[in-house]
C-alpha cells in the first residue's frame, strides 16, 4: 500500500490539520474532531450537523460553510463518528433554533447519531434527524439493513442548508431534507476496489475485465459482478436501476460522482451518456454536478444520483453556498 | 475469582483480567477481523475493536474502578465513546447493560453474572434489532449467553461455565459462515454474503475466549 | 485497462459532449474542439486562450468562464492541440483588444501555438503569449527542452483572467501572466503511473515501495526514483527542491494538487505539511487550493506549486471567477 | 518512378505510393512507437503519427494532387492540422518544406528530391532547434538526407539511393539508444533517457523504409 500519509493511525487528524490550515472560513476542533463554520453558532438559525466515516472527502467536512452544513463529524476511515463528536458538534452549532442531524442510513451511523441525539435531548438541545437512503442497489426489506445513503446526502445537505439559511424553523428544514431524499435515487459502479489505510490492502479483488455493480461508498463489493463494457452500456445499467425504482421525467438535478480515483474526463463522458438517457425518457438535467464529491478513498468508479426537482428545490439548490467543496453565488 | 463461599463469586480483578485478555486477543487478531470485514463489510472491524479495547485498557489503568459494575460500565461507555461504527454502540451497550445489571459490590455471584450477560444480549438486540440467524454478533453472543446460564444452573464451576460459553460463542461464530446477512453492512451484499464468517461474531468469540482464559 | 469510456479514439469528443451538457455557461464547438465562454467574444476585453493535451482536467476546459479563460483547446490525450484549434479559439474570443495565448512549455505546445499565432497575425488578430515553465524538477539549460509548465498554469490563467476582466490592455495582461509565472515554482511526485487510453497500459512500472520524484503531468517517469516514505518527508523533498530555486518568505499562494487518483484526504495531509514547512521558512500560505486541478489521468501522486504573492496578485486572485473548476465571488 | 531520361525522375504516383507505405508502416508499428514514447515520453507517439498519416491518406484520396509538390504540401499541412504534439508541426514542416522546394511539375529529378529532403531537414531543425546527437528525429533524418545526397551525387539508381537513405535512417534511429536527450520530452528525464530508442527517430526510420519500399 502506497499512500501519502504519516501513519495509518493519524490519517484523520492529519487531514483535519490540513483542512484547518487551508480554510480560514472553518474552525477545526482537533480535540473533538469536529469541523465548524467559523461563525457557528448563528443565533436563530437551525444548525446542520452531518458526519460519517472519513474517506468520502469532500463529504462532509468540505460542505461546511454558508448555506450548507454548520458542522461535520468525521469518524475514522469508513467508521461512523462516535456520539461525543456529534454531541460536541450539536452544542457548537445550536443557535437556539435546534439542530438537524443528517445521517446516512448505515447501522453504525444511525446508532451513533441516535445515541448522540438522546444525550442532546438531556441537554435541552432540540434535535431532528433526516435519514438519507437513496441507493437503489440495496432493496429496503426485512432482509437488509435498508438502503444505503450515498450521493443524495450532498443534495440534502445543500438544499436543507439553503433553507436553514433563510431562518426557517427546524421542522421545515427537516421536512425539505426528507423530501430531497425521497425524490433522489443513486446507483454506483466500481472498476477497482479501494484500500483502507489501516487494512493495508484492497478490500476486494477484481479482474482486468470485471466491474462491480451496485457498490456503496465503503469499498464493499457490489450486488453483482459483471464484465466491463462501454461507458454507454454501464450508464444504461445504472440508470435503468434508478428508473425502475423512480420513473424519471421533467426537470432533474444530476450528480455524476467519481469514487476518488476516476479522472474527471471519464466523469464527463459518463455525464454525456446520463444526459442522453434522461432525454430519451423525457427528462432533463437542468442542474448538475460532475466531479468527485462522495468518494471511497482511491476507488475507481462512479455513482450517479438523480433528484426529481420541484421549483422550490431548484430555487434552494441555486441559493448561494460557500464551502470548500461547493461554492457559488458568493 | 473466589470460590470460598458456597456460591462461586467473581471479583473485580477477574473482570480486569478478562478485559486485559480481550484487549490482547483483538490486538493479536486485528488483521484477521479486518480481513473478515473486508470480504463482506468495509474492512475496519479489526481496527475498530482494537482501538476500542486499547482505550478501555487505558481508561481502566487511568483509574481502576473498584467493582465489577464500575469496570463494565466504564468499559461500555469507553467503547461507545471511542469506537464508532456499528460495533461501538453495540459492544458498548452490551458492557454497559451488563454492568448496570450488577450490584455495586466488589464481588458478584456467577448467577448474577449470567443475568448480566443476558442483559448484554438484550441490549444488543434492542439496539440493533438483530435476531439469531441474521449473521451478526448476536449469533455468537446468544448461544454463549445461553450456555453460560445453563452451566450455572447446572452448578458448574466458574471455569467450566465460562469454557462452555466460549465454546458456544466459537461455534456460533463458525455457524455464521453459510448464512445470508440480514443486518449490518453485509446485508447489502445479498446472497454474496454467504460463505464468509461474520466479523462481529468472530470478535464476540474472542471476547468469550478471553473470558475462559481469565477464568484460568 | 479499465476505463469509463466508449472507445479510445473518442475520449476527447465524448468528454466535450459531457461538458457541453453539464455547463450551460459554456459553448462547446465540437467540430473544432474548442470550449468557449458562452458570451465570447467580449467587446474590448482581451481574450484568453489556453490549451494543451487532454487528460489534465479540469485544466483547461474547466477554467473557461468569467474571470479566467475565454476559450480552451483540448488536444488528444497528452498531445498538444493543433494550430487550427488555436486559430478558431483565437478568432472566437477576439473582441478587438487582442488575444493572450497561455502556453505550457512543452515542445509540442510551443510549436503548435507559435504556428497558430503566426496564422492569427495573418488574419490581423493581435496575439501575445505567456509561456509557463514552473517545474523545478527540470533544469532550464541547453541540455533540456527547458522547464515544464505545470501547476502555475492555473495561477496564470486565474490572475491574468482577472486582470483582463477589468479591461486592461493586452500588454498588461501578458505582463501579469509572466510575472505570476516568474514568481511560481512547482514539484511533482508520483506513487503510480497513469494509463493513456490509446496506449492501453501504464506508462511505466513502479514497485510497491517506490515513488517517482520530479514528474511532470504527462505520465512520464520523473527525474529519480526513490523509496516511499512518510508524507512529511516527501513534502520536504518537494519543498526543498522549490526552495533551492526560489527562496520562500512572506505571503504565498499554494496549490496542493492531486494527479487524478489521489484521495482528497491525502491532499489535505500533504497541505498540513506544506503549511508547516512554509512556516518554518518564515512564509505563509495566505491563499491556497487543495484538490485535483492539473491532473495526469488516473495517476496517484501530487504536485505542489507556490507563488510568491504581491498585493496586486492577491487582489487579482481574490477577484470573482465563475468556471466549472474554480468559482468564487459570483 | 521513371528512369527513361538520362537523369532519373520521380513522379506523382511514386510519392503517393510512398505515403501509402508510410501510412501502413506507422499503423503496423503504432504500438511499438507508443511503447518507445512511454519509456521516455508520454506514450502518444504511435497514436499521433498513425492519426496523422491516416488523415494524409484520406486527404490524398479525397482529392489526389497532380504534382509531387502538391502531394507533399498537402501531406505536410494535413499533418500540421491533425497531429498536434511535437511531431505534428515537425513532420508537417518537413513535408511542406520538401514540397515547397520542388517545381510544380508532375515529375522531379532525383537531384531535386535530394535538395527537397535537405529542405525538410533544415525546416525541422529551424523549427525544433535540435542538432544531431540531441536524441530526436533529426538523428535519423540527417544521416538519411546525407546518404541520399551522396548516393545521388555518386550517380546511384533511385532505388539504391533510397535504400541507402533507409539504411542510414535505421542506423541513425538505433544510434539514439545510448544518447541522453537534449530536446523534447525525453530531455526531462536527464540521464534516465539513456538506453531507449527515440520514438521520433524510430518513426523517421519507418518513413525512409517506406521510401525504399515505394522505390520497389
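Note that the chains are named A, B, C and D in the order they appear, and that numbering of residues resets to 1 at the start of each chain.
One rule holds in what follows: contacts are C-beta pairs under 8 Å (C-beta built on N, C-alpha and C of every residue); 3 or more make two chains touch, one makes a residue touch a chain.
All values reported here derive from a predicted model rather than from experimental measurement.
Participant: Would you mind naming the chains that touch chain A and likewise touch chain B?
Facilitator: none
Participant: Which chains lie in contact with each of chain C and chain D?
Facilitator: The common neighbours do not exist; no chain touches both.
Participant: Report the inter-centroid distance (CA atoms only) between chain B and chain D in whole Å.
Facilitator: Spacing between the chain centres: roughly 76 Å.
Participant: Which integer distance in Å separates the CA centroid of chain A from that of chain C?
Facilitator: That pair's centroid distance is 29 Å.
Participant: Taking each chain's centre as the mean of its CA atoms, how far is chain A from chain D in angstrom?
Facilitator: 55
Participant: Could you list the positions in chain D whose residues touch two or more of the other chains?
Facilitator: Within chain D, no residue touches at least two other chains.
Participant: How are the chains arranged in terms of who touches whom: line, ring, star, complete or other?
Facilitator: Basically the chains just string along in a line.
Participant: Tell me, which pairs of chains are in touch?
Facilitator: A-B, A-C, C-D
Participant: Which residues of chain A touch chain C once you look at their complex with the stated criterion?
Facilitator: On the chain A side, the touching residues are 1-7, 11, 14-22, 54-55, 57-58, 62, 191-192, 208-209, 211, 228, 230-232, 234, 260-273, 275, 285, 288, 290, 292, 295, 297-298, 300, 302, 322, 324, 327-330.
Participant: Hey, which residues of chain D end up touching chain C in the complex?
Facilitator: Of all residues in chain D, those touching chain C are 34-35, 38-44, 46-48, 51, 80-90, 127-128, 180, 182-185, 187-190, 192.
Participant: In the complex formed with chain D, which residues of chain C make contact?
Facilitator: Its residues touching chain D are 53, 75-84, 106-108, 111-112, 115, 137-138, 142-145, 148, 196, 198-199, 201, 203-204, 216, 218-221, 223-224.
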